[in-house]
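Following are the structures in question.
One chain, chain A, links the two complexes that follow: it is found with chain B in the first and with chain C in the second.
Then we have the complex of A and B:
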């Protein structure tokens, strides 16, 4: 019984090691599998993976309208205080006061690209962009205002 | 015909016609020494580059590709950088031993080079106990490693060195038994005899399954002896920073690094000599036509090809397998490799006595 386990252990070990070597051997002989991007050289034709996360942006349509209601769900979801939302009160045509977004402040220097704010957003107003060339000469340039000047909330978004 | 054998013989004849025999001996020793040192330097550069490229391709990367065409000068640049760095000796270190250790390691590596047959008739020293000499000298390198670990006055260095000691002492056994199983077949310890006995086929094929088993065990054991992954506990970057050479910098570090790669080359050369026929071309039984075609390939190319193939296999191990824990490492040796290789040696002896091998 002991000997049977001993021998099956040896064979199992050899088989699993050979399985691993087969995979690395496959990679060694198949250069098309190489995923390295030669970054500064291929700036034009560089293709990033779909799920690559570079920074948070707010989507604006051609009428300079966004979908942000100023609900601060993203601000609450952010684990390290990257987002600060300043709200204001708009007057609706019926004369009622309505909460709306004034300024969406985004601290890129604090952001870890964890995607929690995008998942928290009920109206899909923000998303992750793929731009990753963020170097600037002054730290203050990394604090961004995401809603464009003069933009307002799209009709029908609650 | 131009071959290394003819070149060495004509140099020898020319020197003998010009000078007194004692002078000839001195000059020839000097030439051999220079050749060995330059071989070391070239091997270091080539093997480090090969390791980086192989590892890159196995990890779906590109590897060094900026310095020189295709990154071929990367290791030259690295060596220049290391040569220009300061060789720092820590304050609390035992200065004499600390500075001696890298030289001990590299000199041991140089000593094992002596009985290796590089091509037909090209061998520094064909002594009649070649294989025994190799296994005796190769176990000396642990002294250099222990010296480095102890003299560094650093707990990581000492731990790495102690692990290395335990490892080399245990794996010497199964490496030695694997070597003996080939010695049983050939009946000689001399390297030239072992190569000559493989004229009509390599031992790996002639010795049936026991030869294959002892070849596998030998490769595993020498991987452990050279402190390569998956047995690189002595260095274990994740636990011991760099093990016994944590405190070394500059050229002294480069010597350790060089010794590691030269040791790999040497153990692969020995494995090629014992199991794959050294410089002997691939001969299959009585196929004279096929054998003659194989004879046209120079013997040095055969030797280098086999050695570099084995080096590639050992690199393949390194970039595939995860590192073993110290208890797993010793389990593998004492519970698996040693019993298996002992039974294997008995089988091999039976084969040799009964003459079942081809």
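Then we have the complex of A and C:
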């Protein structure tokens, strides 16, 4: 009785091992099952989804105009103090003072890509870009100025 | 003062496992007292990755504090966010649109699948099988792609906002999820073939790390750890939130109480998650994905508690509000901490080689324990 159980245990064990080895052998011989992407080599054809959060960018049109009114909603929404907005006062043609964006400072090294600033923006002036390769040689390069030099607010955006 | 290394007066050997040991899945530090090869005592030392998340949340607004909880249990980050959003909604009495509810449950179950897949690979690697790790990551990649497309991130999604979800589903979502279900139904059978029936794996798991139902309750274990001992503790069944009350699924329990029982509970849970997703994927109601909320959220004065079932067990969020824009105090009840407290009880009397298998079946995520 003991011997019978012992022998059947041994055969069962060998069978279970062979079953696993069969699966391993299948993947070893079927190259089409390999799904590894050769990352640095496939940079051209690699496409990230549109919603992927890489970094915050400010949208500029061809006339170098943006939609940021300097309302600081994104600055208040940010949990980490990633965004700092410096405003200035523009003169309107009627001679009135108007608050406008001077500098949009973005600290990439503090950003956790939580998307709350994009949600908070009332004029859709900023969005998430798909760039994820953020390595630089000096840490100060990670503090970015998002509005381009000489850019101004698009007309009609309040 | 606890002796950390050397021999005790009784001639027992004290050794350290971790904090930089690969099989502890992070910076867990265990001080083990051994008599020969038999474990006499296991003492976890915590605090290596403590970031004081609870204190941090006190200075963040009710929209902002949700993203921090992704950094606790990073494998079921979406479910953690869900618990926080539920608690804020409870306090504000926000009615969540039906579409958002279904999207949340779908994402929860996908997260649970991804978490269990990674656990399965890591668990098999802990007991010495290297190949399953790569199998698990291949299937997890499919879920990550779905998450990336809809939520915008792969691990720390931050897709939940009080009142719904951040964005609508991606147009390809339904197609991709159906494809994934078909793909994963065949693969989960492969999992069984490769590991579950394997004789070496079975002898490493069966009868190891016994936890009785009584001690599971008294140590506060939840999730698959307690259900492996026959304790019914699934929050989705006991206190249904969102649409879980209307779904057909079983609470998986096993009575063995050993490592193999906990393993089988998680394997069956993967199948249950698949069936939940199948029930919902064709029945996503139309409508808003986010309720209209005020720009600044203020919780009324009082105390609020909500709980969800993560991949590891019960996750509770307890908010005390003084009526302002930030919480007065937040307490998170994380499942990993209570499950870890039972480790000493489970490991006593077993050999040191079994300790890694017991830790594997607890499915520990260290940032969840330390917070």
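Going forward, the second predicted complex is superposed on the first by the 121 of 158 C-alpha atoms of A that agree within 3 Å, B and C clash if a C-alpha of one lies under 4 Å from a C-alpha of the other, contacts with A are read in each partner's own complex, and residues count from 1 in each chain.
Everything that follows uses one rule, which is that contacts are C-beta pairs under 8 Å (C-beta built on N, C-alpha and C of every residue); 3 or more make two chains touch, one makes a residue touch a chain.
Everything quoted here is computed from the prediction, not taken from an experiment.
Judged by the number of chain A residues each one touches, C leads among chain B and chain C. After overlaying the two complexes on the shared chain, residue contacts for A:17 are found with chain B and with chain C alike. Contacts of A:89 after superposition on the shared chain: neither chain B nor chain C is touched.
In the superposition on chain A, A:25 makes contact with chain B only, while chain C stays out of contact range. Of the two partner chains placed by the overlay, chain B and chain C both lie in contact with A:35. In the superposition on chain A, A:132 makes contact with neither chain B nor chain C.
Looking at chain A, you'll find residues 17, 20, 23-24, 35 touch chain B in one structure and chain C in the other. Looking at the complex, you find that chain A touches chain C at residues 12-13, 16-17, 19-20, 23-24, 35, 48-49, 51-53, 77-79, 112-116, 119, 128. Interface of chain C with chain A (complex): residues 60, 63-65, 67-68, 131, 138, 141, 148-153, 156, 158, 161, 166-167, 170, 190, 193-195, 197-200.
Of all residues in chain A, only 10, 17, 20-21, 23-25, 27-28, 31, 33-36, 38 touch chain B in the complex they form. Contact residues on chain B toward chain A in their complex (touch as defined above): 54, 57-62, 316-317, 319-321, 336, 340.
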